[in-house]
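Below you'll find the structures, each written out as structure tokens.
Same chain, two partners: subunit A is paired with subunit B first, then with subunit C.
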Partner chain A sequence: MKHAKTLFALIGIAFAAFALLHLQPDVVKIAFGSPMALLRFLTIGTPLLLAGLGVHACLATGRILIAGEGIYAAGGLTVAIVGTSLSNTPLGLWAGLILAFAIGGCVGLLISWLRENKGVHEVISGLLLNYILQLLTRYLANGPFRDPTSDAPHTRELPWTLPLLYPGSDLNIGLLLGCILMAAYIYVFHKTVIGRFIRSLAITDGVANVAGLPPKRTRILVMVVSAGIIGLTGAISIGSAGPFRRFPADFYGSGVGFDGLIIGLLAGPSAWLLLPSTLLIACLSHLSDALSLATSLPRQVGSLAGALLFLLAAALRYRKESRS
Partner chain B sequence: MTLVPWLAATTNLGLPVMLAATGGLICEKSGTAALFLEGTMLTAAFIAIRTGGGVNGLICGLAAGVTVTSCHYLLVNRAKVKDVIAGVGLNMLALAATSFCERIVPSAESVTTLSTTSGVLVAAACVALLIGCLTNPKLRLRLDITGESALQARIFGINTSRVKLASHIAAGALAGVGGALLPLMGIGTFVENMTNGRGYLALAAIVFGRWELRSVIAASIAFAALDALQLVASTQGIKADADLLSMMPYLAGLIALIVRTKRTAGPAELSG
Partner chain C sequence: MTVLCRCYNQSVQVSTWQHPLIIRNIKLGYGGVPVVDDFNLTVTPGEIHALAGENGAGKTTVLKAVAGLITRMSGSIEVPEDEPNKASRVGFVLQHDVLPSNMTLGACVACAALAADQSSAVVSNQQLLARVGLLVPLGKRVSDLTMHQRQLLQVACALASKPALLLLDEPTAVMSHTDAVHFWKLIQAEVAIGLTVIIATHKLEDILEYCTHVTVMRSGQLVFTRRISDVTLADIINGMAPAATSDTRAIGKSEKRFSSEPIVRISGNGAQLDIHEHEIHGLAGLDGSGYTTWLTALALTRQDGFSVTVRQESIDSKSIATRRKMHIGYIPADRHVEGMIISEPLDHNMTFGQLPYSPLDQWLPLRRHSDSSKASAIVDAYDVRPKDVTRNLDTLSGGNQQKFMVGRELERNNEIIVIDQPTRGLDRVASAGITQKLHAKSLQTGTAILVYSDDLTFLINTCDTISVVSSGRLVQTRPSTEWTEKSLVEAIV
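This part shows the complex of A and B:
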């Protein structure tokens, strides 16, 4: 069935909502019972949308971008440093975002260069880079770039926030950017010849070779852009209003990179399924927060469900591929 | 910095990594990527502490390790999930499950820790057993042929499923013992994500050691020696940033991969 996974995602959401409504009506009320709660849900979904997009593009070329968690932190720290350094000019915001994209792209370039030219598997190098970036960002936020006026380990506060979409909430233009990028991605991926050749890279290099697209260079380019988007996601999270606007030393570990991986895998080979997959994971994350507020259950229940979904999606996707 | 505390810390951190790396080596030699080492070690560490530690904890850790790798075997060989994806998924599941259970499962009343000598003896026994198995020509041949070409192995009448299952069990047992030793030889308690990437270091040691037992053991100990630097620096009052020192083994692992990796070095059946 062509849209089996969309159906699967929708059934999953409906079943989870139904079960929660009956078992814990308070949880649903906290999560979705007010306009502010819905805005919060969209705020949680914004980085997931962008991270899922980045990972999905890589998966489409047969490569796994697992360093998303570290790249997300690196992008966040970049915007915090650049934004506070260029606080006197209006360029600070845009320079921070562009540099966050560039830093993410550089990490992507390193991973893909190692993979394509040295044969180092992108998962192993990506996981090691995750730890390196985690410790490096923590060191920088706790050391050279620490806010000297605060006891808590974080960088100085940004003098600006990203333009808000809805006053009084944390929802910013990141969501708009995510939607535009998503629409562009779906168009390129499904409606253009280049998109079709890129998709063929997951199966064979032959088609792209015949079309004159060098497979190695294309994979590197896709990884660079994907990692750049995840770096940008980190910058958008830090540049938001609300709890951030400064880079906390323990920023790494928010789970956005790994959630992006689950979204990319859940969506499978179709870019159309990115949105329902993002909604499912954002829903899971939002509900687990509400569940931990309403009950004594730890909020790790969301990560647990996410990991199980990842394995289920992997089993469904790769079983199907092995049959075809 | 005095040498003795550094050597002691290297031993305490090195044995778990070495055991996990040798376990992962067996699995990789049979043609399956051993990405699951991190999750296996983490689960074993949690179970070892929650069951009270000591020999009981060690055995329960071993059993937990075998359970995790058996799940990996089922995912890869029955559900046909790519080995790398299955490993990453199991690691995510292990991290989420141990973090969740840590908050809801009560701790054991008392935890019996193990001395460094006991840990060294356990690790030496495991490695000796492994060397015994790998020097057996029949076993070695079956493992190598399965890792190089499962099709050829089947033509020679080798039951590749059984070889892969046995290698998964061996990997689970060794990584399980390694994971259990991590808290039992150390702080005697479980901390969320306490393996902190040591399973991936074990994996880097396998690649750096080019799938040769002696080199893999040497690489594991070298990574552990770098890992021990930050522990020793903090206890000896040496002024150095803990985060930068903690970064050393991962950086070394990455550099090692860049310097030593060759496409042809590993078993041919390992997914590219």
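This part shows the complex of A and C:
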């Protein structure tokens, strides 16, 4: 009975996979049928892993980082501006990534400072900042930093891409960075004394405070780093080869920030579950692309499935908490 | 100006029963470990029925089962109906409140009344709060209340639902003597108009003075149920733990000699409190007397008008982390909020309480094996039950949680320890055990201990010196041998 839910979920996934294979074999072939398709899947998963990590770290301290979508866009725009401005120096790439992290961190600092010192709930300030960042990035990409040689509203093309992990694909060092950060996160938050204290903040401030770890300062630091990682994710997406390398005015709304939120919440308190949650959402996204190619169904089907999963997870959690 | 006062004349209307509550052969436990085994009890209407027993005897579990919070069990509980086919209203005052911290007092009481369909209550919320002795405005938030005030608010919420049966789990554990007397008078007044009460408490003298019946439990089993007139204190103690000694005085207390130079000096409000090496210094005072300022000034942060020196060095500007590095330990009163994470196992909770002294240790991997063996040692030394250190703390009784937390902090290498309510929720035997452990610590390691407790017997038995705090000031400081309970009460009040 202990593993009944897991068994039930596995049977459901197996049934869905069987149905998909039986009814739409082309979709699965397009999505996972070749090495390049698998590399594409990993490329899609990279920003999701980083965004999910950022959200999860905040959740571990009892705070929710809902402004991920705006921070992701701000990070992307930062690298686009810095990268094109410093195109003649080798520093452009790294300066862009560092500044994207810093911009994200600043947004996180504002949200958490308002929360910890002024009592403004991070969901409210996060939602409002999302709107501000959406409008600001759109204005800048469509105005002062717009590529004058193009009809489409986007910034100039970056003169470089992030180092690739596999030639011929779009898979870049972002995945490596994601794996390193993930390992560091699991170690610090789940394997060290300080991590255990940080995670206790999700339950009560008192235990950490009495032991000598200031709760407010710790939460601010965690949110700054988390938002910085999401800003960096935006930069990695723009600095990738493939569709981007320039910041489009409608970059906000790509869904990575919100998907990160789903991944973080699906994983619950376990950092280990971040990986399967990321794979699940990346799989949905990848499959919906393939489904769209094979059947001309809109790719938003994947988002719909993600939303249903999110609702299911929320309902199960509510049921569990209401019982306890 | 609104004048708030306590009143006994305005009683809360309660439902009444015609038939007894009958518990038949219930068996239940947590995680496969039996906690209550083949337990029987009959409570007739109008009784104040006490449940007595050691920590972990199963008292809280029985109350939870009667309240319907635990349903997985064998046996049966027959709760009489208020009216035909209408479930009886049961009020429950938990040992650890679950009140929403961001709500106001008025909202809490109104919600409790509404939930029980008693929105048209006879007495107003303000009257109800005054009646339970909670003399604070309705608009105050729960988060601004002290532990004792939150306990009283729980009682008010329970009474707002006009219950026929009131279940009380250690309601006076955080109350001063005066407040406890007021509380008992309130309960007796409610019982006089038809309320039935089942109360779990470790204060055996209170049982003899205020209750009508007592049931003694041991290891989840019934030892006996008797009328109060047919039982003595010794009977109850023997029933709880046959081998227990009733002598709770510290061993070796009179052998202590202190140096002339104190290691801690707290100055504030025109007075000075000195604590010497090997000394256990007690603080006595009512809730709201300002004793927390004296504890906090040493253990946590600077307090206005106070200055603290440790070995003649001022620590006023020191952070909490620095104070811990200076080997100043702290055992908080609220174990669930500041002491431990109860949803984590005992061995994980070894981590809490104090960050490692070295910053490097904070970032090194957790020493699971070492934590586990340390937790096992504490479980054995402090008789924490059950002994399994991989169990979550919330499966232990409140008293056993307390023993574990106190043990964890006493086993650290601290030179100074500040303790707020060390015996909260502990039975007589466990309290005596804490007394001995504190004395062993101070004698063997020279640790200076500052302790507050509302248990005056514990203070007199344990401390070398006792200071009384009133309105934030130190009123009197004397060796504990010069205090009696009566003189302490007089000084406190």
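In this text, the second predicted complex is superposed on the first by the 299 of 324 C-alpha atoms of A that agree within 3 Å, B and C clash if a C-alpha of one lies under 4 Å from a C-alpha of the other, contacts with A are read in each partner's own complex, and residues count from 1 in each chain.
The rule is simple: a residue touches a chain if its C-beta (ideal position, glycine included) is under 8 Å from a C-beta of that chain, and two chains touch if they have at least 3 such contacts.
Just so we're clear, the structure is a prediction, and the values are computed from it rather than from any experiment.
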Clash-or-fit label for the pair subunit B, subunit C on subunit A: clash
Touching partner for A:G143 - first (subunit B), second (subunit C), both, neither: first
Subunit B versus subunit C, judged by how many residues of subunit A each one touches: B
First (subunit B), second (subunit C), both or neither touched by A:R196: second
Touching partner for A:F258 - first (subunit B), second (subunit C), both, neither: first
Subunit B versus subunit C as contact partner of A:V188, first or second or both or neither: second
Which superposed partner A:A211 touches (first subunit B, second subunit C, both, neither): second
Stretch of subunit B, among 111-119, 147-155, 183-191 or 237-245, that runs into subunit C once the two complexes are superposed: 147-155
Complex contacts: residues of subunit B adjacent to subunit A: 33, 35, 75, 79-82, 84-86, 88-90, 92-93, 95-97, 99-100, 103-104, 196-197, 200, 203-204, 207, 241, 243-244, 246-247, 250-251, 253-254, 257-258, 261-263, 272
Residue numbers on subunit A that touch subunit C, as the complex places them: 187-188, 191-194, 196-197, 200, 203-204, 206-207, 209-214
Parts of subunit C lying in touch with subunit A, wherever the complex brings them together: 300, 319-325, 330, 332, 334, 336-341, 343, 348, 351-356, 361-366
Subunit A - residues contacting subunit B, complex: 64, 66, 114, 118-121, 123-125, 127-132, 135-136, 138-139, 142-143, 258, 261, 265, 297-298, 300-301, 303-304, 306-308, 310-311, 314-315, 318-319, 322
